[in-house]
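Structure in structure tokens, see below.
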Amino acid sequence: MNDLMERLQRDFGVDDITVRKPALTTFRVKKDSAETLIRELRDREGYTHLNFMTCIDYIEDGIFTLVYMLHNYDKKLSLGVHVDISRENEDMVSIHTLWAQAWTYQRELREMYGINFPGSPRLEEDFCLEGWDDIPPMRREFDTKEFSEQRFGHREGRHSEEPRDHMKVELYPNRGGDEK
Amino acid sequence: MKNSLNTDDTLENSGLTEEEQLLFSNARPRAYEPYPIKAVEDFANWARANSLWILAFGTGCGAIELRPLMTARFDANRFGVAGRPTPRQSSVFIIGGYASVKTLKRIIRSYEQMQGPKFVICLGICPINGGMYFDSYNTINQFDQYIPVDLYATGCMPRPEALVASIMALQKKIKAGECDGANRYVENFDWYKANQKKVIKNWDMPDYNW
Amino acid sequence: MNLKDLLSPFFVWQRAFEKPYTSIRPTIDRPGAPAYRGFHINIADTCVGCGSCHEICQNHAIDMVAVEEYLGREGDSGLRPRFDYGRCCWCGLCVDICTAASLRMSNEYAWISEDPTVFHFTAGVDDKPWQDNENGYRRAEGYHLYPPKRIEMEMLPANESVSSFEEVVKGYSEEQAKKEADRCVECGICVATCPAHMDVPDYIHSIRDGNYEKGLQLMYRTNPFPATCGRICTRRCESVCPVGILGEPVAIRWLKRLIVDQVDASDYQRILADTITENGKKIAVIGAGPGGMSAAYYLRKKGYAVTVFEAQESAGGMLRYGVPSYRLPDNDLDKDIDYIVSLGVEIKYNTAIGKDIKFEQLLENYDAVFMSTGLSVPSSMRIHGEDHPRVLSGLQVLADVANGRDPGIGKKVAVIGGGNVAMDAARVSRRFDAEVTILYRRRISEMPADEEEIHESQEEGCRIVQQAIPVEIVSADSEQQVAIRWGEAEMVDDPKGGRPRPVLQEDRMHTDTYDSIISAIGQGSNLDYISKEMHEEFAIEWGKFTPGEYQHTTLEKVFVGGDFANSTADAISAIEDGHHAARGIDRYLNPAAYEEK
Amino acid sequence: MKLPFGRTTSSPISTGHSASLDFAQPEPVDLASGKYVKLWQGPQHPGITGNMSLELTLDGDTIIDCKTHVGYLHRGFEKLMERRSFIQNFTVVCRIAVPEPTFNEYLYSHAVEEISGIEIPERATWLRTMNLEMMRLASFLMWIGGQGGAFGQYTVANWTLAYRDYVLDLFEEMTGARIYHMYIVPGGVRAGLPDGFEGRAREIMDGAEKLLDQIERVMFNNTVFKARSKGLAIIPPEMIDPYGIVGPNARACGVKRDLRKDEPYLAYDQLDFDIVTGTDSDAYERAYLRLQETRQCISLIRQCLDRMPMDGAFQADMPNVLHWKVPAGETYVKAECTRGEYGYYMVTDGSELVRRVHVRGPSYTHAIAVMERLAVGNNIADIAGMMVSLHTYPPEIER
């Protein structure tokens, strides 16, 4: 594992290498070399299985971190390849030529985060949603509860009290620390 | 040129292209009118109650309990319940819990295609008040806003026994001639349609699926 | 295709003779499993309305609604959970978290209706057919969603504590405190029970965050004696803590103490940032105990010029002279008092009202007067020979020790009484190497002293004789000694339903000789400084005031608080009295500010 | 005739693909020519597993193009989980795969435990293992019924679905619920076994064993079933890795991979079982392999009952879950469910809420990429049987 990491560090300049557990190591790679690196891991290092591909929204840093989870069946090791891209309309290199299921993931990410993967097939088709007219729902700034309340509404007739506030109002209205 | 059954009051079908508008009817649905003789109507209701044909459309989690219901252990067939593969032959629509917006569109389409008199049973908590997914951006919260409902069975999921109980309750209600869901749909058609269109943003089907 | 494969399926006929799977009457034959998670049951009388179920419900299916009959019960918010069966997913987390174990589930599962708006009910209040169902899910033994046991507090071992005045309780470490703070369910029931209504969940939250400065600010909102209360508070909050119903209550007192211990006194000014805008009015406060100083603090914050008159040479009142320093070290008390003084509160020490300055003078010279002179006179045992020189009062012993004087108790001591003063006097005596016997009229379980105090005094070697009624003090052979004649008592049930009464058994009398006898059976107030006419005007009964709203007395300018004006006679009540009187004085002197409300 | 991927209708799959399979989408056909018919199968269709739809382009009754459409069950779990606390999430996750909720519960709990460093007691390990195997048994029983039903064998469907209900009865007794058990909770499990459970479980296992023998005779030895399933939807070995095929679908073509053996979790390293593999890789082989795995389940449940400690703690020491902060971390945990590798990827940031959870269900590839490929060249009548044979659960695709 260390040899591989050293080589990746040398050849691809990967950083942020973290051993999460014996069977899982994650590292970060620049967007430009991501596809080559993943291809190399698949073809030469035996990481032939793409467990999944997903995205984490770090809205506070203004980036999307794409995660490619690769697995080596012989060594029983997994690699989490992280790629940071800007949240603002940055494209990502498509890996649909590497795995058959990759374009499905890319279609999902397009729909859920609004990330573009040029060249990926059927990217513009609806995946889970239909007629979606808001910002992509998995983005952190999208408030699903608010959206649900506005669009779908809730049945009326619900009312709840906080025990503490209720007791203050009912039992000791002029006491406690709330006065100015 | 539009082919309509009733020229006075037709539907716009604005979601369809001009070409498609020629293919679909733009007539409004019509309410069911009971037989003028009460005994005949009662007999019809008795017959309806004892041959409830369920549309085999598992719209949510609830579908998982429909399988035990229909197979050997709970054997709903003895209550006159059978599964039908097409809405045209079905009289009961069991909403199996939550309905995503995408499914709701198909539910509306299937429901409208069903021949009256037709009945809707909602399973689980989600159609009542959102349930588990009350804050989800993709599931509706109050099913009765979109399709009239005859019975609710709460639970998550309601067990097959609860399902049997709700079928029995439905039978009772039908026999009493109180199942007017489909008529409510016709009477408040515009209200239902407006609600439906509020959540279904790509309305590309006829306003009423005959 | 071979013949075997063609014939094999006909095997299915064999099944025709087997028992069918079908249940004949599906809705009746099979109730839910004994531990089925069906509809909810709440034992409304056991429930305390802490709202943990509401808090943990991910579907927002539980509302806490007010139920009239439960409002005002001790340690009860008066709310009960109301379930929305259009939301509930029957996960049972509410049952698991339920602090009172009042919530459980039945094994019933069928509720069918044509109306979607009916699926609500307040469990245990609304009548539902499953309320009496005995089956259904309950939390399993040994399964917890919060730690039921509190973090052990490190204490000085009894053999060490008995020989020094070092503080017995060592206090939590930060890490321990975080763990203990984690146990809080943030219901806020303690806030209502705390006489001062301290923001307990909030400052506990600040411990979890490691933000002690915020914690200190929160505490000073309602209590300017956090270092003191963090050590010796009677902590009624803990007695109602819902976490304590099934486990041990959150150690609120020790957590409070931790916050104060973490903040240096020199940082108080910066953290609390009490800015004072003088408003030109003058207030006199009589007595620099917790009540007086609390009033002084909150009045000062509102801009009043406050003068405190104190008969003793230092401030603190009973906290200084009645509480031994192994429970409340002087420098911790000073930490609280010094901060109040630092805001510009003037204290006139050694100034007794009535002796050094007339009460009427105060009324004349100040815009308002707050009286809080507490209970400082030991009660009499009312037995023959009580005035023997070797009969000491508990208060006096404690005050002597606090002032660094030798109380002169000798080596064999009897303490009469079962309250905190008795325990303190006994434990102090142990620290002077005396052999201590505590005589108490009733049973140990009925002692008014803190359970912890009783336990610790026993640990330290005090012998407690229960059901012992003193009858007479008699002279002993030596002048340095005194004898007491006491009789055993039997507890007799009160026919009126009150608590059992001890009845002296004349045939079981004993006489023991001691070096001294310490009487600690209670205290009364000293109101000599008030003229007789005023006594009547104040309607003082049994030396106690019954103040009106905002601690206001019948005399326009006078507000009272503290032990002689409440029934609980503890520090935290006095602090609240002072705080509340400060509110009242402000309302009285500055009514314009409150008119809008 | 010439079909996309260079296959002919007579041999549904050519086996000569190299490692660099061509993943290109088929060329769209000219519908206006009138030669082809476009047909939607699903979402309202009894032959569809779960709730998804296939957009089929037909030439006669031969499928020349298949597009899958999912999302009918999309509830946005991953979003919902980001706004629920760690304890609240455990009740949500089981809804992701309706017929097999337990794997979600286990993996979610395990991911949380791994990041926060909680060690669960041994008894909980065994209870979890047995719970998972019971789930596998119930799920396979339902699947066998589905596969039988898809080829017209409703008798078998009636048997297995009814028998599955007995397994659900066991679940009900053990966990308090039939479908959504919510039994495996971060920190352990919620309760031990009820009194007399072991005896009843053994009884039901004995019955299940007998039932499986009967099913083998009635269904697997059935000429009709053989005729319809043999040679249907062959997955060649070259497809396995490029398409991410896992579980029985991969094992049926001789790939010896099973997470329970390869990367043992829970108590699997102490249990005695072998990986079942097949050779033919067609629908029949997959079905038969699953039948054998169902038998294996029964043996594993028995082993669990034999070896499980019957008393002791079943929950680790937990913090107060009302304000539980899990330290920042990242992990990917996986388990072998009935369909293969089921995984939870979790990222936490030290707050009271999870930062990101990604749920990896095997159907994601099986029901989309693999399905779209295998459907081509087949008869429309076989589509339902083929889908069932791949064992897909749409809710785990769209979550």
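So that you can tell them apart, the chains are marked A, B, C and D in the order they are listed, and the count of residues begins at 1 in each.
We adopt the following convention: a contact is a pair of C-beta atoms (placed from the backbone, for glycine too) under 8 Å apart; a residue touches a chain by one contact, two chains touch by 3 or more.
Fair warning: this is a prediction, and the values are worked out from it, not measured in the lab.
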Request  = Would you kindly say which chain has the C-alpha centre located farthest from the C-alpha centre of subunit C?
outcome  = B
Inquiry  = Distance between subunit A and subunit C based on Cα centroids, please, to the nearest Å.
reply    = 49
Note = Distance in whole angstrom between the CA centres of subunit B and subunit C is 60
Note = Averaging C-alpha coordinates per chain, one finds the centres of subunit B and subunit D separated by a number of Å equal to 31
Query = What whole-Å value do you get for the distance between subunit A and subunit B if each is reduced to the mean of its CA atoms?
reply = 38
Note = Multi-partner residues in subunit C (2 or more other chains touched) are 21-22, 32, 84, 86, 89-90, 116
Ask   = Which parts of subunit B, given as residue numbers and ranges, touch two or more other chains?
value = 72-73, 102, 128-130, 132, 134-139, 142, 156, 159-160
Query = Taking each residue of subunit D in turn, which ones touch at least two of the other chains?
reply = 71, 74, 76, 79-80, 83, 92, 158-159, 162, 165, 180
Ask   = Linking chains that touch, what shape results: line, ring, star, complete or other?
value = complete
Key: Residue numbers on subunit D that touch subunit C, as the complex places them   = 84-85, 87-89, 91-92, 155, 158-159, 162-163, 165, 169, 172-173, 176-177, 180, 182, 188, 190-192, 194, 214, 217-219, 221-224, 226-227, 313-315, 317-323
Message = Can you tell me which positions in subunit C touch subunit D when the two form their complex?
response = 1, 4-6, 8-9, 11-12, 14-15, 21-22, 32-37, 52, 55-56, 58, 89-93, 96-97, 105, 137, 140, 142-147, 182-186, 208
Request  = Write out the stretch or stretches of subunit A touching subunit D in their complex.
outcome  = 18, 20-21, 23-24, 26, 48-52, 54, 56-57, 67, 69, 73, 76, 78, 80, 96-97, 99-101, 103-105, 121-122, 126-130, 137-138, 140, 142, 144-145
Ask   = How about subunit A: which of its residues touch subunit B in the complex?
value = 128-134, 137, 142, 144-145, 147-148, 151-155
Inquiry  = Quick check on the complex: what are the subunit B residues that touch subunit A?
reply    = 101-102, 105, 128-130, 134-142, 145, 198-203
